[in-house]
Amino acid sequence: MKNRHALTHPVEFKPIDLLAVAASREVTDGDVVFAGTGLPMLAIGLAQLTGAPNAVCIYEAGSVDGHPISLPTSVGDARCIYQASIASGLFDVFNQLQRGLVDLAFLGGAEVDRYGNVNTTGMGTYGIVPEKRLTGSGGNSDINGLAKKTVFIMVQEKRRFKEKVDFITSPGWKIPKWPGGEIVDKKEVYNNAFRGGPEAVITNMGVFRFDENGEMYLSTYHPGSSVEEIQANCGFEVNVSRVQGETPPPTYGELDYLYNTIDPEGIFLS
Amino acid sequence: MAPPKQMNLKDAIAQIQDGDMLTFSGFTIWRRPMAAVYELIRQGRKDLHLVEVNGGTHSDLLIGAGCVKIWESCWIGHELFGKIGANLARKAEAGEVVIEDYSHLQILYRMAAGSMGVPYLPTYASLGTDILNPKYDHLGQMGLRDGSHPKIPMKKYEVVKDPFYGGELIHVPAVNPDWCIAHVQMIGEGGTVRVDGQVYSDEEAIKASDNVIVVAEQVVTEEYIRREPTRNLVAGHQITSIVELPWGAHPTGCFGCYETDGSFINKFFTRTRTQEGLDAWVQEWIHDIPDFNAYLEKVGIETLETIRANPAFGYSTKIKRGTRA
Amino acid sequence: MKNRHALTHPVEFKPIDLLAVAASREVTDGDVVFAGTGLPMLAIGLAQLTGAPNAVCIYEAGSVDGHPISLPTSVGDARCIYQASIASGLFDVFNQLQRGLVDLAFLGGAEVDRYGNVNTTGMGTYGIVPEKRLTGSGGNSDINGLAKKTVFIMVQEKRRFKEKVDFITSPGWKIPKWPGGEIVDKKEVYNNAFRGGPEAVITNMGVFRFDENGEMYLSTYHPGSSVEEIQANCGFEVNVSRVQGETPPPTYGELDYLYNTIDPEGIFLS
Amino acid sequence: MAPPKQMNLKDAIAQIQDGDMLTFSGFTIWRRPMAAVYELIRQGRKDLHLVEVNGGTHSDLLIGAGCVKIWESCWIGHELFGKIGANLARKAEAGEVVIEDYSHLQILYRMAAGSMGVPYLPTYASLGTDILNPKYDHLGQMGLRDGSHPKIPMKKYEVVKDPFYGGELIHVPAVNPDWCIAHVQMIGEGGTVRVDGQVYSDEEAIKASDNVIVVAEQVVTEEYIRREPTRNLVAGHQITSIVELPWGAHPTGCFGCYETDGSFINKFFTRTRTQEGLDAWVQEWIHDIPDFNAYLEKVGIETLETIRANPAFGYSTKIKRGTRA
């Protein structure tokens, strides 16, 4: 039997496994974490089984700190409230977010720019008749705006990592101040409600973080990927001056938790 | 105020007029009044104005079927069973439906303001996003914010200074839909509503609306439902009509009663990405069927029994969900 | 055995009985009624047993349509939620009030003026150091402002029926518009939330109502009282041009309900 | 965030500093944290700033005992058992305590705004009353609204235009007390709070406060309290300290546990209408007694058993209340 703490080798895990594991490592014990459907559920579940047993998970539909024994397929799922502290509704949990209680949130997106502005609304020209409509903001923009730290999980493609996203659904570190629309630091827009912003973007190729100016830089590349491959799949020039080497792969224990404890049915990990 | 009347689904839905503003119970693919949506389509309702805290299978279908003119919300899709609301996307891209975007918290607060009887609520949500870009105030761009439409506020939002503690934030306008159609687990004969599990934004949606049709899995006596008043959500004086219709949320899930029928929703998503596909689906599942009983027959008892919830957990323990189940 | 519908004679009832009965007669069947502790509880209970079986009673502490089998001593009492439709809290019921769902409310007060402005805050000079502090507004001002109709139950004394109350706690038909403070019609102050206002003041001597200009007039005097006695116990000149005669006394049935069904323990009816 | 710590009442209350802003659970004479108030007095806390949705026996006592400097609320009294808050009246008339008046809805909304993380809420409540008379903005008159006191807003209220639907209304500022002291029926070891019966304004008071001490009739396992998460009000990450103290709300009532001890409150009211009377009462019931166990001994087992609630109703069926009982 393998040591649960030993690192796996590239052939022993899938890209999605590393995404879940890397995301789970962003959780500090005791964090109040806002999570959505899919990978975030795997990440928070894994974090609670490993380094952050006291992390509290809030789902947007209205559950707090559930301990599902069967993985939910969405945050509205009946499974979310098993052994939960609270089963309430959106008004409760979004108020907690706005009150400043959320330490960390996991989010996704269709497009991102170097400041962590994210688009989930529409591709191409937007307007009364949009060119290509996406799902819309959901809670993405609220959560990215009001949580202390956010971590995005995304697919690394040139068309998704853009110099300028087609629609700023979710606010990064440099954002328009309305009604004028001049681009300023997030702090200036959020004033009394400013608490932080995007902390990391985790893709299938690497982990990005944000510097003092709110600009994205490559922190680690995943085993099997490289700085060059990542730059080739990024629509803007990536700051690679702070690369720290390879992303640590999953441990055998982490994979075991993911496949046998968290998602044994193969809902997200097929 | 007259106590709410119990009636059949057809008569309840017939009260809704073309052009009315509607909202719904539930969250994405959970506790949506699907049978009521089928009936709206069957009755050929037009030009509906939907304002909902989030969208899902119910609204994507209603939009695809051509019943909707304006959709104000923050999200639409079918969760794991269909990544986008393809019908809304198609209709919007064709210029047949207008979308007004708010964030989740903003649209929730619009509904909450309506339920509180205040004209707006303040929030810090989604500052610094294109949701607030005046270019994308679509109703405003179309000239609908001139004060002549009583349900359309004269501004999409307003930027304001906080005189109490300093700083700046926005106000989002209240909404009071003409109708909320809510699917819930239980209602008393006098209209006392009980929602079990997560309540999502049902309280805000019901209380913001001028009229409320409640479709319930079970209608019980008031004496029974009032034994535990702390578990009830809304009293009868805020309810207009009561319809008893078990399984009425199918294919969306209903805590404690049945699971989301993911396979059904995924087939809907796959088949209705084109207008032709949607039209065929509507013909097959709505127009070719006389009523909801025939619908359930068509879904089949095996499916219904598979998705039926285990009372110990509130969800089904029989359904196969993943690839390794 | 007396006919339950027959009127009692003055020696057969107490002043408080007539207050409760007169108040109960203000309820229309189907009304949503906001009621407070004491006489209002007797009035709404009696109304539900007589002319308004479908009246819905909301108590300020957070209960809707309770059917107590033991009379509550306050709106926060555990008894309030017996067979109630809803047991919630203040946020729920005050929002219903502001949303315009309340048809009628019963209120009290220490002082009233001819426009139905009521004082429950302080007598004499008010300020940082008040001359004589009372209980404060409670929900009186909210309810009087936002219900469609309000009925006050008060003690008839010259010092309580004043030309000008020392502090306008609760808004009548002519009120100050702040921040300026000019006295205007209530409609002008409440604009979109204007729904009505004071309908009647019921005292131990008579029933007052309000005319088209929002001015109080005497409607009926109680058996044993008179127009003259009422004027002598009123600090402003009462309009008596519309007096309709005596207030109908309680029926035997009403007294039976009050003493044997609603308050058999003698909590308010000792 | 660290999970809440369970501790004894003395240590929990010792965390509160002179000058702190406090709020409480409950409604008038129901579910007030009386034992905690006795302990605050025993520890000699001074200059407290109370902001509460309504007052009652607990705050009238705390004010009478000289612990309070500012009281912002809408009402104080003892319901049927004492018509006014005589201690507050006396202290205010002597210039020893400053009152800032709001209406019930207004002060509720101040707490709700605090719990929602917004700086104010809009309302139509109590327009056209002297509550809004600038002359009676007492904290403003005293120069405390200059922005140098982080918990005191720079305005008492603001009159505003509604740009969405027309009309005019006011904004009332949020409040975020340093501490909420809440008495509830049940709490889990991890801080999950359950309130049974009417919740009054507990949710707003707890969630608006920066720190929360929960005094509970019973501390139970989290596994137990989480079997029915729909019945719970607040999660552990919003709670600071847990104290287990049965009867801790006496003489106020606690739904499902015990009745208000009206006779005790009426004696308190009668005896404490003068400062001398209050001082003697405090000496007898607080300083001459080492702790809450001794207090309960002094109240006596007969009284406690008489007010104990019948589980079928949530209130006592043994207590004599009226003159004809």
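Chains: A, B, C and D, in written order; residue numbering restarts at 1 for each.
Here is the rule we go by: a residue touches a chain if its C-beta (ideal position, glycine included) is under 8 Å from a C-beta of that chain, and two chains touch if they have at least 3 such contacts.
The shown structure was predicted, so the numbers you read here are calculated from the model rather than taken from an experiment.
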Centroid distance [mean C-alpha coordinates] between chain D and chain B, Å: 39
Chain A and chain B: spacing of chain centres that average the CA atoms, whole Å: 27
Shared-contact residues (touching 2 or more other chains) in chain A: 63, 81, 87-88, 97-98, 146, 192-193
Where chain D touches two or more other chains at once, by residue number: 117-119, 123-124, 162, 165-167, 169, 197, 230
Chain contact graph, described as a line, ring, star, complete graph or other shape: other
Chains touching one another, given as label pairs in label order: A-B, A-D, B-C, B-D, C-D
Of all residues in chain C, those that touch chain D in their complex: 37-38, 60-63, 70, 73-82, 87-91, 94, 97-98, 121, 126-142, 145-146, 167-171, 175-179, 181, 186, 189-193, 263-268, 270
Touching residues (chain side chain D, partner chain C) in the complex: 26-30, 53-55, 73-77, 79-80, 83-85, 88-89, 92-95, 98-99, 101-106, 108, 112, 123-136, 138, 141-142, 159, 162, 165-169, 197-204, 253, 255-256, 259-260, 262, 309, 313-315, 317, 321-325
Residues on chain B engaged by chain D in the complex (per definition of touch): 117-124, 147, 153-155, 158, 162-167, 169, 171, 173-174, 196-197, 230-231
Chain D - residues contacting chain A, complex: 1-3, 115-119, 188, 190, 192, 207, 222-223, 226-227, 229-230, 232-238
In the complex, chain C residues that touch chain B: 30-32, 54, 56, 63-67, 81, 83-88, 95-101, 103, 192-193
